[in-house]
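Okay, so chain A shows up in both of these, paired with chain B first and chain C after.
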Partner chain A sequence: MTQTAKKPVSTKKTILRLLLYFVVLDVCVITLYPYFAMLCTALKSREEIFSGGTVLPITAIWSNFIDIWSRAPMARYMLNSVMIAGGSTIIAMLCGIPAAYALARMKFKGQTAFLGFVIVSQMFAPVVLLIGIYQVMQTLNLTNSILGLVFINAAFNQAFTIWLLRGTFMGISADMEQAATIDGCNRIQSMMKVLLPVAAPGIVTTLIFIFINAWNEYTVALCLIQDDLLKPLTVGINTFNGYNIIEWQYLFAASIFAIIPVVILFMCIEKNLVSGLASGGVKG
Partner chain B sequence: MATLNLKNIQKIYPHSNDQKKAKKKKGEPEKKTNLQVTDQGVIAVQSFNLDIADKEFIVLVGPSGCGKSTTLRMVAGLEEISGGELYIDGKLVNDVEPKNRDIAMVFQSYALYPHMTVYENMAFPLKLRKMDKDEIDRRVKEAAEILDITQYLDRKPKALSGGQRQRVAIGRAIVREPKVLLMDEPLSNLDAKLRNQMRAEIIKLRQKINTTFIYVTHDQTEAMTLGDRIVIMKDGFIQQIGTPQEVFDHPANLFVSGFIGMPQMNYFNAKLVNEGGKYAVAVENCKVILSDEKQKNLAANKVQPQDITLGVRPSHMVLSKQPGNTLTATIDVSELMGSEVHFHANANGKDVVVIVPTMNADGERIDSYHAGDKLNLTFSGNVCHLFAKDGKNLEF
Partner chain C sequence: MSTKTPAAPAGQQAQQSSPRLPNPGTKRFFRTIEPYIWIAPSIILMAIFIVTPIIKVFQLSMNKVTRAGKLKGFNHFENFTNIMKDPAFSLVLKNTILWTVAVVVISTLLGFILALLLNNQFKGRKVARAIVVFPWATTLVIQASAWKFIVNTDYGTLNTLLMELKLISAPINWTSSPTAWFAWEIACGIFVTIPFVCFCVLSGLQSIDNSYYEAATVDGAGYFQKLFSITLPLVKSSLTVSTVLNIIYVFNSFPIIWTMTKGDPANHTDTLVTYLYKLAFYNGKQGEASAVSVIGFLILLVCASVYMIYTLRKGDEDL
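Our next item is the complex of A and B:
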């Protein structure tokens, strides 16, 4: 009796599970297909791309991935991107950590208003501010300069940094820092020696997010940089998108190189998102 | 090893802007606790006067929100002192940084550093003081030995149980050999069995290390067993300071009498009468002449006959065979505890708890009483606690 009663339930469960797998598979295919098409196109010859045909290349031309390095200053673009993303990450963190600490641990007049202001600053799309940014950069003589892009990207990511780090710091019991002050730390020491190591997973996550955002930034870099050797990867890839001809195979091969760091960093965040480090210090 | 003097210590939490606005609107702020609220803010602690002797173990006890932890945090330097003076070893330390007060503190939440091993946790305060490496090693190992955590020195706090974490927290506090050791409800996160065990450990620890202790708890058992003196607090005020026995035997007011002692003291509406120069209490048909000591105290205070609240502890109530000069109560519930019986009875609408030994001096067994049976209760003149209607003990 119990067996017969159980059977329909398990069948229902199996069907539900199959349905779930089907949906997940669909989502995966839809999401991953563009990347697949990108890889396939990167492996085709120019003639094959323009002759139509199947998605899969007839013969895989791996040399496309090598050719791009000689056809455009790819290494330089990559170095520029690393400098812009790295520099803006460092500046955003250097400003964001003290700001988030103050918002999480101290009380001051206008705190709520400041937090509101920070979030409002995030609401404007960078494109809306483009003309203003250009004018400011021109005044500072920072157009066509990597340093200018470093500052702009740091500023764009500041609000996000402050909010994310504030949340991380607030999630950590203040008891630990108080214990540290009694143990002999001053405020800065208690932050450096206790709070930041404990907040490491949150800090790493924020860090990588900023890096990826800055790495992927396109519009401002396109408008501000004229010198080919100062272009970041996102803008530099356009070299293959010429006036007369678009070299799709090279464009996609370069794009694949551009997304590799992002994919690797995302994989790192995934590991760090497990916020297990903070457990154990305090009760629970 | 230090003396502490707290002189008229006060803590005021200023109103936040929102509260000020609410106050303007409503005229008066919402009152969530019994703490006094003034224009300046909520007064969490006031008129706190206490002199703590060298190597004394002081326990601050009271219900939640009474200001005991705030007081401790003011001693630690984690809270600013709004008024009054705090001296450690005769030196005014109101504005001294926590790290320069030479105190150590054990937190309720342990507050261990999760990214450091047990060894590193314990060595941390010593490293900050730039102590010699060998000396750090010696002290950490010695403290670990005392607390029986030597085998866990390489572990991270995450890999320890609650009791072990608490030992590490205590270890981190004692390695520094501080002048004063502060403990903020250190056992309240542990289960009952572990708490009893750790309580005994703290008593042992105290014998091993020579330092002044201030211990905050809401658990009266901890207060009674650990403290040389107990400070009982309520609504930011000290209610009584005394040794555990003093506080138990001579509670200064109704609150203290109810807070200390399990089960709680029984209260009766009674009359204090003076017959031929002798004070006596009368509850219903029962009249008891007070002991000589109480007579003396009341006479010294020139207490007039009046309506009072009479308090008698459950273990001081006596069963009487003959009705007459007794209180009559009906048993609601009888709990057999082995060597004694707890009767929860009703005496004229008042709940009364009576604790009697299972067997009396004559060898008669008491456990034959059942729910609904009548009890004849009496008490002697030296166990009465006489409280005026405002709650103050008339003998004080």
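Our next item is the complex of A and C:
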């Protein structure tokens, strides 16, 4: 950068640069606009919202952020979301790590078929299968339960888990594990002690990605959970979105609580996730 | 560990004597089945929670089904013919195709351009990338409620903002017709899909060796020449992955439409997934709803097989 700065810069380049800044700035403003609108609305009074005409709140009513906790079982929703997302992540990883390991390090009959199935399974979004899912859950007595959602989220995230982890594992040379095997480690030991620590960044990325997916899941929870106290945040915040009246200020105040943890997590993995997706994709 | 070594031979002997097969054979047998043990948990999980529902849906679509979901025998594809006869179905199908094509095409185009921009070196690039990722991380329900609020005629912030900026003098009714609502839903869909495309392309762009561009510059190639003969071919694989995944996600996307209009009025903003949700859980027509699911699969199957063939072929090249 310093080298280019020393050179005389042509007007054309300056204009292009300004244009670049202008466009990127616009994109950022548009992207952040809904969040800005949500925050402003969350700080307004009901009357101010429905009379319209103001962008920023006349007086910021911070108590909206406190009221939601008593107006709806927000703490419960939050806890449910944490349990669903956490549980799904654990199960998805426990099933996905061995599978990804086998795909990356072993050769077996049906490998391609299994991989093909993993890819095709992405095609079946839970929404399309809801009727089937509902019936299976009824048989297993898991409708209206957090455990049911945990399993569903874990299963539907298997494809991504296996995909990302297989890419990660394949990017790591098997030499060290072989050395460990010669030293007397069995497969499980060499995986736990050698491969997993090296693959940690990829694993953390996958972990967070599943957590976010499960946290943001809406459709299955909407369909399976009837009990208000078992709802996750995504479904629960609709308490403020009634048939006759929408309590926008509360809806958005609650939404902000639902967004913040996820956005922070996402920004942590953004860089790794993308290269993971790409390497998984390119390496097939 | 060293203290335990004396015990090891004894253990090995015990292991050798117990199975009927000689040791090398057992070992080979274990080698053959070992991978299957490793993939077993994953297979069991997916078998119960993905494959069984798939089978159930196919079963339901072929059978007469009671409101309680009990099967009452094969009914000669009556569920399918019933669906085809429903005048709403062709509208829903048209909406689904419009929704999928519009969202995927426009977001791919804009996401690609945005990725090209963000791939430049400039101050604040990291901040810009972090901001662009926001819509991807936000759950669709919340994103959709925010847009539903923004475009509201009476108190939406879009009208307020435009009036403050003196661009308009009176509130505009942004959602005067079902078509307008549907357009806003598509806009919202595009808005949340752009980041995914953008980051897939960015990862492809970052793997391109700079020397290609330098060589092309020496040869006197212009910006667009470089774009079409270097950049585009090299990010093609990332772009294919993101496009195919997007087709599947967008086709199956439920929360945006459900939050903004619930498919109303009169199916004018329904897509296949909201339509089948209403059929199954509001009208109790599980057989017909399953038929819609199956039709959806068949449409997506074409897309997914293209994806599978593409990625597996890619994999073989690498192996």
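Worth a mention:
Going forward, the second predicted complex is superposed on the first by the 260 of 284 C-alpha atoms of A that agree within 3 Å, B and C clash if a C-alpha of one lies under 4 Å from a C-alpha of the other, contacts with A are read in each partner's own complex, and residues count from 1 in each chain.
Everything below uses one rule, namely that contacts are C-beta pairs under 8 Å (C-beta built on N, C-alpha and C of every residue); 3 or more make two chains touch, one makes a residue touch a chain.
In this text the structure is predicted, and so the values were computed from the model without any measurement.
In the superposed model, A:S173 makes contact with chain B only, not with chain C.
In the superposition on chain A, A:N186 contacts chain B only, with no contact to chain C. Looking at the shared chain after the overlay, A:I225 reaches neither chain B nor chain C.
Within the superposed three-chain model, A:I210 lies out of touch with both chain B and chain C [touch as defined at top]. In the superposition on chain A, no contact is made by A:M78 with either chain B or chain C.
More chain A residues lie in contact with C than with the other chain of the pair chain B and chain C.
Looking at the shared chain after the overlay, A:I49 reaches chain C, while chain B stays out of its contact range. When the two complexes are overlaid on their common chain A, residue A:V198 makes contact with chain B while staying clear of chain C.
Across the superposed pair, chain B and chain C both touch chain A at residues 277-278, 281-283.
Contact residues of chain C toward chain A in the complex are 32, 34-36, 38-39, 41-46, 48-50, 52-57, 60, 69, 114, 117-118, 120-122, 124, 127-143, 145-147, 149-150, 154-157, 159-161, 163-164, 171, 199-200, 202-204, 206-207, 237-238, 241, 245, 248-249, 252, 254-255, 258, 273, 276-277, 280-281, 286, 289-290, 293, 296-297, 300-301, 303-304, 307-308, 311-318.
Residues of chain A touching chain B in their complex: 109, 173, 175-176, 178-186, 189, 194, 197-198, 200, 276-283.
By the touch criterion stated above, chain B contacts chain A in their complex at residues 17, 76-78, 97-99, 103-105, 107-115, 124-125, 128-129, 156-160, 162, 165, 172, 176, 189. Within the complex formed with chain C, the chain A residues making contact are 1, 17, 20-21, 23-24, 27-28, 31-35, 37-38, 40-41, 49-55, 91, 94-96, 98-99, 101-103, 106-108, 111-112, 114-117, 119-125, 127-136, 138, 140, 151-152, 154-156, 158, 162, 187, 212, 215-216, 218-219, 223, 234, 237-238, 241, 248, 251-252, 255, 258-259, 262-263, 265-267, 270, 273-275, 277-278, 281-284.
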